[in-house]
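Note that chain A is present in both complexes that follow, paired respectively with chain B and with chain C.
Moving on, here comes the complex of A and B:
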C-alpha cells in the first residue's frame, strides 16, 4: 500500500493509542533504565490496582451507554466509612456494612439513571458533590485513623502478600477475571452491550433496559467498595478526599482501553490494558524527573486524545471540516 | 415550453454505498414554471437523490446543473443560496422560536453590533405570510401551530430567497383536504413566477392533478419521464414496479386454522381508534395505509410497547394484558419492527448475538451463555433464510440491507412465535431479497404461523396477503379478502374517500 497522507491519517485514527503508548514506553525506557526494571513494573501494577478495580465497574456503566463520575468521591466515602466503623463495630462487621452502604448509593444512582431516565452525566456529577458532602458529614471533616494500627487483621487486603503476590494485585486480577466473564459470557453482559449499543433495539427485544442500567451502577458501586477496602486496608487511615479526582483517571483508563463513550463497545480485558497504560505513563513521567503534579495535566491530555481518536476511528479521519 | 432552459438538471447521477447502488445513472430536468413529479417506491432512491441534490451526499458520478451551469452541491445552505430549496416531509423547525425567527433562521436581518433588526424581520415575514395566505402572524410561537401550519412556515423559509427550484417531499402526508388546497395554491403561485417544482409523492391522484411531467425511479435507476397529460396511472405504476419481481396477486385459497390473535375495539389515544381485526393460524393479514395511518402504532400496542386506551387483545381466544415486549414474547407474539437500524438491530454486534438477543437469557449452560446453543440457532436460521454472511462473527452493520432484514426476521422467527408481525418487511432492500422475503412470509403462513404484514407498498400487500385491512387516519376503513380486493377500492379506502366500513 502506498503511504499517502490519508492512509497515515487513517492508521493513526485506528491505532493511535497503541502508537502513542509505544512511543511513550520507548522514550521512558531510553530516558531511564529503571523504567523496565521488574520491581518498577510490579510497583506500577500494584499502585494501579485500586484505580483498576474502580475502572472495572465503570466499564460496565460505560458499555451500558452511561457515565459514572461519582466513583472517586464514592471511594472516599467507602474508605472513611470502613475506617470509622472498624473501631466502632470491628472489622468483621465494618466491611459488610460499608459494602451495604456503598451499594445503596449505587442503587440510588442506578434508580435515577435507569428508571427515571435522568442524564447520567448530570446525575453522577451531582452525586460526586453530594457524596463528598456525605463523607464530610460522616467524618466531621476530620481525617479518619484506626486507633490500634498494629493490632488489627484489617491490613491483610492492602498490605499482605499471597504466594508472593501483593493482595491488591490478586484482588484486582480476581475481580477482573470474574467481571470479564460476566461481561463476555453471561446473558447479563450481553444485555449490557445491547442496551448500550442500541437501547431501542434492546427494548424491542424484550430486554428490560432500566433494570440493566440499574445493575451496571450496582456493579460499579461494588467495585468502588472493594477499592475503598483496599485503600483503607493499605493506609489504615485516610483523608476525606482520598478518591478525589480519581473519576477522571478511571474514565481515562476505560477510554484508553477502547470503550466508546457512546456505549455498546469495550471489554474488561481492554480496560485492564488501559489501566496499565495509564499507570506506566504516570510512572514514566515521574522517572524522567517530571513533577508529580504534571500527571494531572497528562491525564487530562490522554482523555482528550483518546476521545478524539475514538471519534476519528468512527469517522475514518482525524479531522472533519464539517460537523 | 420544452425549449426553455431547465432551472435544474441532473445528468447520470450515480451514488453507491457499501453493497448498494442507491442511484444508478439518474437524469432528469425541471423547467421553469413546471411541476415535475418524482415517483418511485420506497427504496427506489428518491431520498438519496434529494440528499445528493442538497449536498448531503456527494455523487460518485454525474453532474448537477442549475440553469445549465454545472454546480457542486456541498450543503443544503449552499443549495439554497443557489436557488434550490427543500420542503421536507419531516419538519425541522425550532418549536420555541417565533414564525419569523424560524423563517429567517441563520439569516436574521441585523443592525449594528449584531443586533437583530426586528422591524425588518417582521415586515419581511409578513410579506411572506401574505403570499402563503395563512392566518397566523409573524410573532406566533411555532410550537403552537398545527402541523399543517408548521409546514407553511417550512415553505415560508423557501421564500426568503427567490428560489429557482423548490423540492416538495411528500408535502401532503399530514395535511387535511382543506389544507391541501392552500398548499396547491402556493405551488400554483410559485409556478406562475417561473419557479420549477419537484413534487415527490406516492399519491397518484395528486400527481395527476398537479403535475406537468412524471419521472419514475425504480431500484435506483431512472425509468423514464412521461408527460402527465399523455399517460395514465397504469403506465406509471408499471414503470414504478414492473420488474422481474413476481408481485402477482395472491389468489391461493386455503384453509385457515383457529384465530390466533384477535383485537376488539382497540384504541390508543390519537394514534388509532376502535380497531377490530383477527388473524388466523396459517393466514397472512395485510395492513395497508399511508404512513401515519396508525398501522405501526397498532403493532406496537399488540407488542406491549404502547398502552391501549381502550379495547381488548385476545391471544388464542383468551383475553390478555400486554404491558411490555416481555409479556408479548411470553404470549408468542413477535414483531419485526419498521426501522431495521434503529429498532431491529444492534449494528455494532455480530450476526449471531443479534439473532439470539431476545432469548439469550434462556440459552445458558450454567451461568454462561452457551456458545453451542447460540451457534445452532444461528446456523439453523442462516440456512432457513439463506442469510449470506462470511460467518456469525461478522458485525451486522457490515451486511447488506436484505441480509440485515433477514437477521431481524430470523431473530423473531427463532422465538417460535404463534403470531409474527412484520412491519415494512422489505423497506430499502434490493429486489432479489424482496422476493425471497415475500416467499418466506407465504411459507410461514403455510407452516401455520399467523402473520401480520404491514406495508406501504400496495403490490406487496396484494402479493402476500390473504386478507387486507385498509386504514386511514387511525381507523379501519374496510377489510378485503384477496379475492374481492381491487387496487381502486384499496386506494379509495386508504385515502379516506368513498366507502367506509358500512358499505
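Moving on, here comes the complex of A and C:
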C-alpha cells in the first residue's frame, strides 16, 4: 500500500485510539524508563484485567443500545459470595454456585430491560444499590476472608502463572478473543449490532430484539462473575465495596474504545485498548510521581485528549467542520 | 373513691414518675454508613449492646447510609423527637455543620463520634469522642523507627506511604502525625513518596506495585490502615521483595493474621467496641453535666509482633 495522504487518513480514522495509545506510551516511557519494564507492563495488564473483563461484557450491552451501571456492585456481590461459599462448601462448588447466582442477577436485569422494555439506565442504576444491599445482607456488613489462605488452590486464578504469564492476563486475553469472535463473526454478534443500531429495523427484519438484549445482559453478568472470581482469588479476602465506582471506570473504558453510547458501534478489540489506556495512565502518573491531587485532573485531561484524537481521526480534522 | 385510695394512687403515680425520670435519658445517634465495612458494623452492635446494658438509657439508632442529605434529615428528626443528646458520626465534616448548629440552638448537646467535623462547627459541638489520629500516625512512625533501629538500618532506610482517601480527616491526620514524628525519632530515614490507596486493598496493591517498579530499595511501608497495608504486602510478596517492614493503623483481622504469619510488623489497635462505648459514655456524661475535655480521646495502643499476645484478634 502506498503511503498517500488519503491512506494515512483512512488508517487514522479506523485506528485513532491506537495512535493515541501509542502517543501516551511513548510519553510516559520518556518520562520514566521503568514504565516500559516488562515487569511493569505485565503488572499493569494484570491489575487492569479485572476492569477489562467487566468492560468486555458491558461492550455487548452498550453495542446493543443499553447501559449497565450495575456491574460494580454486581462484582462486589460475586466476590463476597464466592469467598463466603469457599469456606462453607469448598471452592469447587463455590465457583459454579457464584456464577449461577450472578447469572441470575443478569437474567433479571435482562428480563426487565429486554422483555419489559424498561429504561436500562433506571433499571441498572436501581440494581446498583439493590445488589449492594444484597451483598451487605449476605455478608452482614463484615469483610469476607478465606480462613486458610495458604492451603487453598483457589488462588490459582488470581496469583498463579501459566507459561510465565499471570493467569488474570491469560483469562482476560482468552475471554477477549472469544467474545471478540462472537461479536464480529457470529449471527448473534451481528444481531446485537442490528438491535443497537436501529431497534425498529431489527424487529422488522425478524430479529428477536428482547431476546438479544436479554442475552447481552447474560454476557455482562458472566463477565462480572469472572471478574469477581479473579478479584477474590487475587486477594483471598474482600470488603463489601470492592467494586464500588467501577461501573463508571468500565463505562469510561468502553467509550474510550469508541463504542457509541447510542448503540450499534464499537468493537471488543477497541474496548481492550480503552482498558489498557486507563490502566497505563494510572500507572504512568504514579511512576512520574505527580502529586495525587493533580492526578485526578491529568487523568481527566488525558481521557478527553484520547477521545478528541479518536473523533478527529474519524472526521479527518482536529476541528469540527460545522463549528 | 375514699381518701386512702386517693393517697395510695397519688403515691403510686409519684413513684412511677420518679422511676420514669431515672429512665428518661434518650440519646439519638446518626451513623455514617453501617455495613459498609466491618468496623462500622461492629461499632453499631457494640453501641446497642452498651445501651441495653444501661437501664437509664434509651437510644434511637439511625444510619445515614453514607448520604449527607439523609443524615441532615435524621438530625432534624432527632431534634423533633426532643432527645436529650445526639451523637453524630459525620458523613461529611463540612456539610453537616448547619444541622449540628440547629440541634445546638434547640439546646440539644451534640457529640461527634469517630471522625470530627470541620473546625467551623466546633462552637456547636459539646464534645468529640474518638481516636486521636495524629497520635496514631506518630505512634506508627515510632513503631517503624524502633524496628529499623533493631535491624540497624535507622541511618539509611527508605520508606513509602500509602495514605487513606484524599480529603478525609482521618487520612490527613494520620499522614500528618506520621510525617511529623518520623524525622524526630529517625532523622535519617527518608520518606520517598506518598500516594493514596483510598482505604481500598486492591487500589493500594496497585500503588505498591508501581512503587516496587519505581524504587529498587524500599525498607518500610506505612499504610493508613491495615486493609491497605495488607494490599501492599500482597504486592511485595508477588514481586518476591523480602525484608520490607510493614506498619499500618486500625488493626484489622487480616493485619493481625499477617502479623501472626510474621509478614507484617505492626499497627495501631483501635477497637470499634471502645469507640462505641466511649461515644455513649461521653453522651451520658454530657447530659449529666459533667466537665469533659472537648476532645475526648480513647486510647489506641501500639501493637507489634512482639506484644500482639496481649490483644485479642479484631473481629473485623
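Note that the second predicted complex is superposed on the first by the 263 of 323 C-alpha atoms of A that agree within 3 Å, B and C clash if a C-alpha of one lies under 4 Å from a C-alpha of the other, contacts with A are read in each partner's own complex, and residues count from 1 in each chain.
Just so we're on the same page, contacts are C-beta pairs under 8 Å (C-beta built on N, C-alpha and C of every residue); 3 or more make two chains touch, one makes a residue touch a chain.
Nothing here was measured: the structure is a model prediction, and the numbers come from that model.
When both complexes are superposed on chain A, chain B and chain C end up sitting side by side without clashing. Contacts of A:124 after superposition: neither chain B nor chain C is touched. In the superposition on chain A, contact of A:271 is made with neither chain B nor chain C.
With both structures placed on the common chain, the touch criterion links A:40 to chain C but leaves chain B unconnected. In the superposition on chain A, contact of A:191 is made with chain B only, not with chain C.
When the shared chain is aligned, chain C comes close enough to touch A:143, but chain B does not.
In the superposition on chain A, A:231 contacts chain C only, with no contact to chain B.
In the superposed model, A:289 makes contact with chain C only, not with chain B. Between chain B and chain C, the partner in contact with more residues of chain A is C. Using the contact criterion defined above for the overlaid structures, shared-chain residue A:299 touches neither chain B nor chain C, since it reaches no partner. Within the superposed three-chain model, A:207 lies in touch with chain B and out of touch with chain C [touch as defined at top]. The minimum CA-CA separation between chain B and chain C in the overlaid arrangement is 29 Å, rounded to the whole angstrom.
Touched by chain B in one complex and by chain C in the other is not one residue of chain A.
The touching residues of chain A, when paired with chain B in their complex, are 181, 185-187, 190-191, 193-194, 197-198, 200-208, 264-265, 322. Partner chain A is touched in their complex by these residues of chain C: 34-38, 40-41, 166, 193-196, 200-202, 205-207, 209-211, 213-214, 227, 230-231, 234, 238-239, 252-254, 257, 316.
Only residues 75, 303, 305, 324-326, 328-329, 335, 337, 342-349, 353, 357-358, 360-361, 363-364, 367-369, 411 of chain B touch chain A when the two sit together in their complex.
Taken together, the chain A residues at the contact with chain C in this complex read 32, 34, 37, 39-40, 43, 47, 50, 136, 140-143, 145, 149, 159, 231, 234-235, 237-242, 282-283, 286-287, 289, 292-293.
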